[in-house]
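Quick one: this structure, given as structure tokens, is what I'll be asking you about.
Read from first to last, the chains carry the letters A, B, C, D and E; within each, the first residue is number 1.
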Amino acid sequence: MQALIEIDRLNLFYGTFHALKNVSMNIPEKAITAFIGPSGCGKSTLLRSLNRMNDMIPGTSIEGEIRISGADIYGKDIDVETLRKKVGMVFQQPNPFPKSIYDNVAYGPRLHGITSRQKLDEIVEASLRGAALWHEVKDHLKRSALSLSGGQQQRLCIARALAVEPDVLLMDEATSALDPISTLKIEELAQELKNKYTIVMVTHNMHQAARVSNQTVFFLNGEVVEYAETEKLFSNPEDQRTEDYISGRFG
Amino acid sequence: MNRVKNRIFTIAVWTIASCVILFVFGLLFLILQRGLPSLTWDFIFGLPSEIEEGGGIGPALFNSFYMLIISMAIAIPLGMAAGIYLAEFAPDNKWIGFVRICVEGLASVPSIIFGLFGIALFVEMFQLGLTIIGGAVSLAFLNLPVITRVTEEAIRAVPGELRNASFALGATHLQTIRRVLIPSAVNGIVTGICLAAGRAFGESAVIILTAGVTTSGVMWDFNLLSPGETLAVHLWYVQSEAIVPDAQEISQKAAAVLLFLVLAINVVFRIPLWVRERRFR
Amino acid sequence: MIESTSNPAIAVKGELGRSIRTGSGRRTDRKNRLRFYNRAFRIACIASAVFVCLILLSILFFMFRTGVLTFQTVSPAKFFFSTDWSPENESYGAFVFIFGTVALTVLTLLFSVPISVFVAVFLAEVAPLWLRNLLRPILDLLVGIPSVVYGFLGMTILIPLLRQAAGTDLADGILAASIVLSIMVLPTISRISDDAISAVPKKFRDASYALGATRFQTTFRVVLPSARSGILYGVILGMARAVGETMAVVMVIGNTPQLADAFLKPTSVLTSNIVMQIPNVPFDSTWNYALYMMGFLLLAISLLMIVVIRVVQRRGAKR
Amino acid sequence: AGAASSLSGKIVINGSSALLPLTLQAANEFKKLNPKVKISASAAGSVTGPQSVRKGIADIGACDWDASMDVPGFKKFDGQVANRVAVIPFAAVVNKNVKVDSLTNKQLADIFSGKITNWKDVGGADADIVVVNRAFGSGTRVNFQLKALNGVDFMTKGSNYKEVKSSGDMKTAVDTTPNAIGYLDLVYVSGSIKALKINDVAPTEANVINGTYKVWGYGYYMTKGQPTGATKAFIDYVQSAKFQNGSLKKLKFIPLSAMK
Amino acid sequence: MQALIEIDRLNLFYGTFHALKNVSMNIPEKAITAFIGPSGCGKSTLLRSLNRMNDMIPGTSIEGEIRISGADIYGKDIDVETLRKKVGMVFQQPNPFPKSIYDNVAYGPRLHGITSRQKLDEIVEASLRGAALWHEVKDHLKRSALSLSGGQQQRLCIARALAVEPDVLLMDEATSALDPISTLKIEELAQELKNKYTIVMVTHNMHQAARVSNQTVFFLNGEVVEYAETEKLFSNPEDQRTEDYISGRFG
């Protein structure tokens, strides 16, 4: 596995608040990397800076570099829209648009200029299959996305992200608002998707990280405390704080 | 004690609300029943008369619609664009506070002053005389602030997560606004447009000054430089100056027609929303 | 399916990196176009906002330019503080109208705000759904009734009623005007407050009820305070309408330049005085200038009220 | 009509609202004869007419007095020509509950200047007089002041005094206010309000023509210099016997010819 | 331990949807009872019917009886406000009022007529101590409650509920929106509170139920499948479905 994303001495400030401190790591291709750590440690912040969703938060300033297959994504010549297309994102709360299921999935491709009905149909089907939702919704694609259950909505959001053919998929606690059955489904889905996509997921749930990911990064107060193969990190952590955290002594 | 207060509160709300409702219905009923029963097509499409009884309101009615459409065609894009700016692009600083106060200030400009301003602009500066276009633009100015503020509020109310979802898919700001924000905010925006349309339909002071109290006297006159008496102005005219013996009756019928049309506009604008709401939950 | 649509070239190291750079890939034209539209739209929006400000500023300038000429012949102190308005005798004291405008506005808000808020509470909290859906458009409808109709009804129905109730010879004055205005601004304030109250998150209500609060307590202690900013915005717009309304006011206020020291005494306010006199005065007379100055003053007063309300609101929100 | 129909141009009319119905009617008829002429009219108050003409934003300024001469409160407008178009009688009107039928000029002057405040002082019931006045600048007011009140100044304040904006409002106000007195163009007098005799002469067309009822004036179209082109044609049409004896009469104005 | 709450053949309908089916159970005093089960099985519904928060949902109809210390809470002579005062509730999402910390806690007592400043001060302090929040906030009681972190907000909500001196405390997934540290704190708090209050908690998290509760009720499709001592239910479930659920075979 080679590193697709290289993060190099990244510092991020919200105004004067130092949210990420000198973060460096390599995120490998076609694998699942999990970010764990107590609330407020900067997991979401780092995730959002990978597709520059932080740009939208006024007062954010960044130092250091993030390279995705060699391109500095904060460089001048970067096309932010294409970056976001290539680096898809799924949020904590399912957030489908108040449109039909079909239109939700077709939203991205349409943005990027695909208008042919046939092409769109293909993409919608492929993406819904990819998100393991096709069989449940194929007969009522015109129904409002809001009529789906929470778990289905979240899978729809994944399908929507897949529809623009991303290479990387960021998932920010994508299961924490869901019930266990839906969570399980989405974990399985992630396992499948990693064959084709590079996945970075934030989770509160150490068991989830242990179950699902290949690499795990443990954050504390904006710093990377430990970064290792998931198995190693959970069985034999190097840092005392990591051990305390995963053994439930805090967090 | 709390229960008693709550009981009193509930009774008070119901009483006040029923009084207001009864009052509103009474008002609407009063206006409609004075005018509607004697309404005829001849009246609605006929030409007005100064001497004989039985004059109609045709050209004024046409002008009302014509001017409404033109003024809305100006006020909606401008107002929505300004509202979108305030909600989406504007940094949160002093200048924006200033813009917002300007918008609200503009909402409090008395219509007579818009009229005087319209005269200064169209009659004196551009030398157009009393014209439909002058009236329509002045009317648009009058309605700009309402549409602006309502658009801003409606767009602000769209949950941030939808906006994020769109950006995360690689949408540009414009695409996000066009495809997600406006469709989600459309309910509020339509309320604003209905309020503005009602106001435009009922406004007289501005139009008397800028578009005159005459029509060109023919029914379908699309010339923008024709004089543009609207139904509300005609209503004012028959109520305050006309000599025709049935002035009273004309004004009652005209008021009923006006009210009826405002109702119709409200409904027409809302039907697509209702249909949409039906489909989505 | 996924295979057929995904791009095999991705595997090539660096392809992804190249693709997110500008100027790469075959969709450059489209990207540039989108970029251009995006920028153009942004500029159009800014231009519109600037335009709205410009209208107000040019109206202010337009009123001020003419209005300020008043002070060639009339001292500002006289203009602002004298109650004697008799242009025939070269006496231009506008205090009566300024006072009348403020009094009328305050009185109107005193009537309309509580009632409108009650109606809004009714719509948002109490009324059954069907009634709500019926009432909302009907309230909107009130906005569309022409002011002359309100004025006419005020003159022919309200004033005789007031006259009988009070036993006076005339009932024109700020009371009649404020009642008419209250009806006119009722839909504005109540509809906007209604929206604001409806937008208060359900979780606040739940929290309150779960503590054993009655509806009365929940409404007054939690819902209305949370909706304060929206209600205030409705009040500002309603006030703006009340300050600026002419056609209806002029028919019920009596139009007599005397101080409104009684509710039922004919008086005059800035708007009604402007609308009564401006068509009839010589263009280049002090009288005309004074009317323009009054127009400017009217705008200044409402801007001032808006600023004050905003400041109060911000102060309230900070706590 | 064949020759006139080639006439083209644009006429903007502003000014007196009392003359507006007449202007609108004339404009309608004139446009039928001359389809290429555009006429737009608006109205505010009499003095707006000559002022708009002076500013160049109107071609005809309708005015209830001869604005080329000084009248109380208004200077003359230099260089404007007054074209008479109609004879307008005015009447003092009272609410139907007022038992008085006739007043003298002196009594009217005392009432409108605020010296007499009770109907019993002029032979009516014991009730306060409610004075309804038009706003300054109204042509009706100027004429009434000059011809019915001997030029005395109106009262300007009082709890039984109000001003209204238009003839229609005057009619409604007097009609709905007991003990009210006001004045109107005779053409508006109808229904339940009562027109008073002045010095025992009833305000009728016949009495105006035979010279016994003095409270009347001419309605004028003010123009910048002598009228030309379409404007002249329009004024000519209004002054023509066809219009004067036709529509103008039907509108209850009195033709100019009757007074000569 | 005696039963404080007796639920007797309760049926609840949302319109025509049968959400609770013939539910009967006794909830013991001064203990923690946990409701578990997959999403949509009716846990929240039952919880809400214990303090009649369901009254607010139009179209709800109820059959059967719920008695709290003997009184039928759906009886005619019941004062709903007093009932809700006695049966406090904490929600899934922390929902402090947009007021100061002090005013949040004092809200309930003020509702019920306490105005004396000194009395209020006492109650506020006692409640905040009870919710283990006093030390963190005692120096800035006038600060807005919204400036607290999620976990602190949730403890504030507990303090707010304690301030009206309830006998029962209902917690509907009160920790599911929180990070592990905050969760731990609240679990500890619950352990302490059960000495004084009867606690009923809904949770998605079986481990939480196992850690914290004395009794556990397992729901499925609106029915009570199993109700037992927590230890027994987790170590030796009687019903096959319970076993499947707790062993993670579904849900």
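To be clear about the criterion, contacts are C-beta pairs under 8 Å (C-beta built on N, C-alpha and C of every residue); 3 or more make two chains touch, one makes a residue touch a chain.
Labels paired with UniProt names: A, E = Phosphate ABC transporter ATP-binding protein; B = Phosphate transport system permease protein PstA; C = Phosphate transport system permease protein.
If you're wondering where the values come from, they're calculated on a predicted model, not measured in any experiment.
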Any chain that touches chain D and chain A: B, C
Chain whose mean Cα position lies farthest from chain B: E
Chain C-chain D separation of Cα centroids, rounded to whole Å: 38
Mean-CA-position distance for chain E and chain D (Å): 81
Chain centre separation in whole Å, for chain E relative to chain C (CA means): 45
Gap in Å, rounded to a whole number, between the CA centres of chain D and chain B: 35
Junction residues of chain A - those touching two or more other chains: 81-83, 86, 112
Residues within chain D bordering two or more other chains: 44, 55, 165, 169
Chain B, residues touching no fewer than two other chains: 2-3, 172, 175, 239-240
Chains grouped in pairs wherever the two touch, ordered by label: A-B, A-C, A-E, B-C, B-D, B-E, C-D, C-E
Of chain B, residues touching chain A in the complex: 91-92, 159, 161-162, 164-172, 175, 179-180, 183-184, 279-281
Chain C to chain B touching residues, read off their complex: 34-35, 37-38, 41-42, 44-49, 51-53, 55-59, 62-63, 115, 118-119, 121-123, 125-127, 135, 137-149, 152-153, 183, 186, 188, 191, 195, 199, 214-217, 219, 230, 233, 236-237, 239-241, 243-247, 271, 274-275, 278, 295, 298-299, 302-303, 306-307, 310
Residue ranges of chain A in contact with chain B within the complex: 51, 53, 56, 58, 81-86, 88-89, 91, 93, 95-99, 107-108, 110-112, 144, 146-147, 157, 160-161, 164
Contact set on chain A toward chain C in their complex: 2, 4, 67-71, 73, 75, 77-79, 81-83, 86, 112-113, 122-123, 125-127, 129-130, 162, 165, 167, 196
Sites on chain E touched by chain B in the complex: 79, 81, 111-113
